[in-house]
């Protein structure tokens, strides 16, 4: 009997199977790591939280320009004049929506301030006619999502010992980006479910589906 | 606020839903009405700039977008006058709840109250005034319509037809009526307790006594459907809840066709239509002869009537086994206090008044008067009081119209052309009226036949004050206030319109009021003797305010039982036009929620049905779902058979409320109206149209199409679904005697 | 073939295959069947496409209108879609049975007929796979059942038998396609060598450079064996998992322990019946009388009968266990099936599924193509009814009497069911013109080995110890050369 | 083996008669051509011949190992993949039932076992059978029809003629040669 | 990696035990209900209130008859009372001697729900509130859950109702409750115990750093019920009325057969024997014999 199979190297199957198991484990772990990447942004990714004691995904998003009836400048109000976000968006701490300030609030200042500007004159004309401007929503979540500003402000601002109310801007910017540098607001965070989930995981927010889905 | 141009969104199914429409009205929408299906991949722009937000001009402090505000008002679903709270968010009223402080409904609400929202948001509401030109109604401006009325209304004999009406609306209507020189005010309500109330007024001296169901241990009800259609159903249902608490009371219901109350009875007595008086007499006989009840205060004439009706005799008249009559008597004798009521089908025949009188007689001999039936309170300002309305007025209206006694008719809150049996010739009378003005928010049968139709605001957009049909203790004035801006901007409130008409007709003393709100406010400040803003606001918040009332005294005057059995119903089948909670007298037919809410007993939706006993059905060759033709001397209707054992074999019951030829997309051409073929019989004493006394012939129309029902089965098939326990065992564990 | 000739053949054909058939003729016959579609082919194709188009129309209609278009309702959330799904999954077991099981037991008579049976497996799986998708209310989200990594961190629910279905069907489809394909590689090489143009390109590409050397054959044999070994438990698991869609549910009439074996037996049964149908059709249309012979058909029929008896037994076991059990609702369901509004179909299933197979005991029947064709179609009707009887009458009853309801499918569902046959037919028709539906190399093997077996007595182990054979011997060993 | 001559030839004979071809191999096995063993012989045939492989001697294949390892990997990967997904998707406690559910995971891991087993077998086949490569120049259409081909490799000039003679003795139809 | 194995290990240790063994997810609440069938008059107010609160579509006669109705809460009516007079209904010539029996059926919020494990995409699952939630946007409409619900209490959007000729022609759309999604066609839906009200109450309690009080959440059906036959509350709150009622009836969660000292108690759960562990306790109807 001529057996000449020594020249043909057969693969040692035990070693091979161990290798395969190892590779399998690597794949599983890699998947998990990838999964972690998708779900949880570690400290090295976040450029230092602006809100102390929190971590959140610093995902940038380039929104589209949404035209508004009046070219309201957040930069002038919140940036240059450092008006607190909640001065105008006064409902944010009391309701799920932050709200657009009522026209009377605008007119509270603009009967005296900057009355010569064309945009302000537009505003004044509307006020005199008793009309409200029809703003276009920039940060609009789908209708099956329940998001409440009230709870988030409490969690990150009012319950945060290192911040006081004047730091509202820092909390708002978690989801809205640096509005104070914008003129007309533009969406600068993706506000997708993944975005929400990552922040909830990082900050131990509720993970129950019905918290956010209605 | 003007209507906003829409931003449309697409669902995955490509259906477009115009979301901006939701936010019409006051304002700022935090979240529009939600749609599922926008499952966008992660990094797709989420609806940027596709929705608009309108800011408030200068909002009230308590208005917060995204947070509902509750406003108090009054439900006008029926004459019950329940107080309600309406949840308002972003300027839209979303949900109604009962007002917990109300002594009428204690925070609860019936299905009709819940569904009032849909009469408010109904797509078939009248948006603009309509004026008849060349035979058809065309849209017109308010000025045109009002000037036309001004031109025609002041010449001739004028009259008003309304539903139940109370409070300041009643005052302005009557002011207007007198200003245009009329005197007849027909308050029409098909579903009422007029016979019972008349009998109470005559016999115990209080037409609206307090009925303490919660204190009774036994309720013996002759057809009174107090859980659904009797005076103030929610109030009684609330007390029924107490009645069913420990110690638990027993409910005995005697009626020819099962009502909701009958559906809850411990003992349901299917009685031959029109023989309730005999049953009551039979029970009285057993009580006096077997249980030694003395029968104080009963006249000899009545006693002899009672003696004629020993249980066996009564049993043969009523088609009820004698031992059941004795059982009822035994139950009444053993459990005191009890209460005996009469209403519904028992009073809807020629001797209905006798049945009510017999019920009161039973109360008298059982000693219930003053215990479970106590004196009510009378309003100190009778001009504000509730005109309950009845169907006798409907007949009067037809008769007067036919006699040419009416030249100008104003109608609001009732639908005489739908409610009137053909036999009273309302159609002909209607055409003899020279000028008909209908104030309505829906284009019902009557409005379609009017010369001028004035579009009313819905009950949730309007101001008003109401006296509830029934309440215990102090009497309250219930406030009706608008919960949102008008859905249809060119509609006006009832009070505003009538006030305007009255002013136009030159009624004195009204010129100082710009609108009905001003009138109402000043009138109430007179009533409350204060004009302070705070007082007014607390009134708005409470939704009701006590008004002075006077006590009454109860007495007992016997001898009102005359006729004992309605011989007209012997033999053949008797048509019972049964009143149901839901469609009510037809006003619920345009509300899809009520159409789709199954009838409590038959569980039928979206159509009429004819209840038949299996025995009768078998003899007539009718199966469940067969079309049957019901023919009376005044015409015929065809509807489908519902066969079950909750009806006397000698009766056929068809519910009231459907069979509209107008009233919008949901009501039109849906079901049949049994009122049309009633033969014109009335209760001998009150003149109420007898809805349960028409002889009919029933034939199989030869087609079969199963009814749309919630359930196709009547039995539990051995499953433990509704488990039942006997009252004796329940008493052992939960107490009570 | 004329009637008389057919009759003659049915009486004279006694061998599974004629050993003296020329190899070149095998190639010719099979390759011929792949060319020049005749009129009958186009008619069949037109019918299939028409049926499939109706299905597409129905699906678009249902998509626009909602699932209500299929007349489903609160009691009958599932209906024909799921029963037809189970039916097609069952059909798919034929190929596995013939190919894998018979391969393992060295039943070489499978060789001329296994190819189309395997193709049937693949295509009925592809057909079956349509149904769970179209029966979804939001069909555009069907991929959510697959476990893929998402940004949102959500996964499917691995507890759901529907997910098991998704896994099992994906695995089964992959495996059976590979099985079909691997078994076809040598034939594809033959096709490659005998065709021109696009076909040549296609076959060259598909045959992966097969040149029939002993290393390839050796690996081929092992591979085929291994995949066959994998496929058998897979096939069993697939239909058990499909049965778990029902058996895992709480519904009376579904929650039955014997469902997995019952479903597997049923699947094999309907698969066998379908093989008979297709056998007869292919034999008739492609004139494969010499390969698809009466003796093979005879064996298939006997196999069908045996499996039918297994199925019958399991069916009776199910009835008996319900009948002697204490579960009243289950009993009600059983009684309602037998005596309720669906009774004609139930008894139809019993008649076609339990009693009709007894005709296969008759030799006359096994040799009568027309009769057998009708029987095999009826067996499959019976098996389709079985699936329908599992889904619809069961849902028409249940624990809560409120849900009791009788429902009949509407045109949308029928269009989908009919269309699935169109789709299957379309795929199959394309297959028979693109790929050899009789395995050439295996017929050659069969001929070769049978012949050797015949001469074994005369000449045992002639390979090793004999000198050169005579010319006459050589001539008879290999008939004809090219 | 003491043969240092240049073994750079390959020879390919086509036989119509299978039995004759088998005889050729039997001859080689009997060392009728010195210096050539059955290890140098390859056969190209239209059908599969388990019996020839008996003559050719044991030529092992790795496919079962591929299948085993693939299946094992499928099982392990399947289970851990599912368990990992479930353990990281604990948003939903499901009515008191465990998060990592053994029965369902076993079912699914079993499917994965088969899927990966089949895929690995396929890979083993492609690797083991040297598929997806260019066919050799010796390839003749006849071997896909009804002739059998015998390739003898690693032969030198002297063996060449001997092999040709052997072929001729067994009625070879055609002989091709190639120098590597 | 650590999280993977950590999670898997956690999965083994924490979650392999069932609720009976206490190894379950930590519940924040366990919303439960008590329905007194003796008080229920079958008036249907609850059902209509549910339509109003939850944006439920009306379907019209034809679809209703085809059993494609959308009600989340149905009030069933039966004419037989086998516990009191078995077989009384069989005499076709007799009349009914008692009224009917009414049974309001809404999702029983089973704690061992049969619908949950079968959903392929986990659109229905158990929340830490003890609710059997349905995430509409995750639903792909396989309808397995509805098949597997022994109560037949899941309803499916067989059609699209959001069109102009659908359930909400303009201006009826304005009534839709913005706290709840309007469900698209192809989506399963069911009673949620008015989860939007629960959510609002919980948010409010959290804003005020306190626990949700008993009676703070009222479901729409409970609130409108004229006889107050429906009681709703947190079964984990030992002081709530619902807990007390459950205790009084000696009915415990997590059991399919109650071992009660007093067999005459009225509490029972529908199909308890199927071990679905529903959260709705019914009190038997009482009848005079």
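Here are a few things to note about the model shown:
We just call them A, B, C, D and E in the order they show up, numbering each chain from 1.
Quick note on the criterion: contacts are C-beta pairs under 8 Å (C-beta built on N, C-alpha and C of every residue); 3 or more make two chains touch, one makes a residue touch a chain.
As the structure is a computational prediction, the values presented were derived from the model and not from experiment.
The minimum number of touch steps separating chain B from chain C is 1. Among the chain pairings, B-E comes first (most C-beta pairs in contact). With respect to chain D, maximal separation of chain centres occurs for B (centres as means of Cα atoms). The central chain of the assembly on a C-alpha centroid basis is E.
Centre-to-centre separation between chain C and chain E, using Cα means, comes to 45 Å. Per-chain CA centroids place chain A at a distance of 35 Å from chain E. The distance from the centre of chain C to the centre of chain D, each centre being the mean of the chain's C-alpha atoms, comes to 30 Å. If you average the CA atoms of chain B and of chain D, the two centres end up 89 Å from each other. In chain C, the positions touching at least two other chains are 138, 141, 150-155, 157, 159, 163, 399-400, 402, 405. Looking at chain E, one finds that residues 3-4, 69, 74, 76, 117, 122, 125, 128, 136-139, 160, 179-182, 184-187, 271 touch two or more other chains. The multi-chain contact residues of chain D, meaning those touching 2 or more other chains, are 59, 80-81, 84, 86, 88-92, 94, 97. If you check the complex, the residues on chain D that touch chain A are 37-39, 57-60, 62, 65, 68-70, 72-73, 76-77, 80-81, 84, 88, 90-92. Chain contact summary for the complex, chain E toward chain A: residues 1, 3-4, 125, 127-129, 131, 133, 135-138, 179-182, 195-196, 199, 203, 206-207. Residues 1-5, 8, 10-11, 13, 16-17, 20-21, 23-25, 27-28, 31-32, 35, 39, 207-209 of chain A are the ones touching chain D in the complex. Residue ranges of chain B in contact with chain E, taken from their complex: 11-13, 15, 17-18, 21-22, 24-25, 29-39, 89-90, 92-98, 105, 107-111, 113-115, 117-118, 120-123, 227-228, 233-234, 237-238, 240-241, 244-245, 248, 250-251, 253, 258, 260-268, 270, 331, 487, 581-582, 592-598, 600-601, 603, 605-607, 613-615, 618, 644-649, 670, 706-711, 714-716, 718-730, 732-734. On chain A, the positions that touch chain C within their shared complex are 31, 34-35, 38-39, 192-194, 197, 201.
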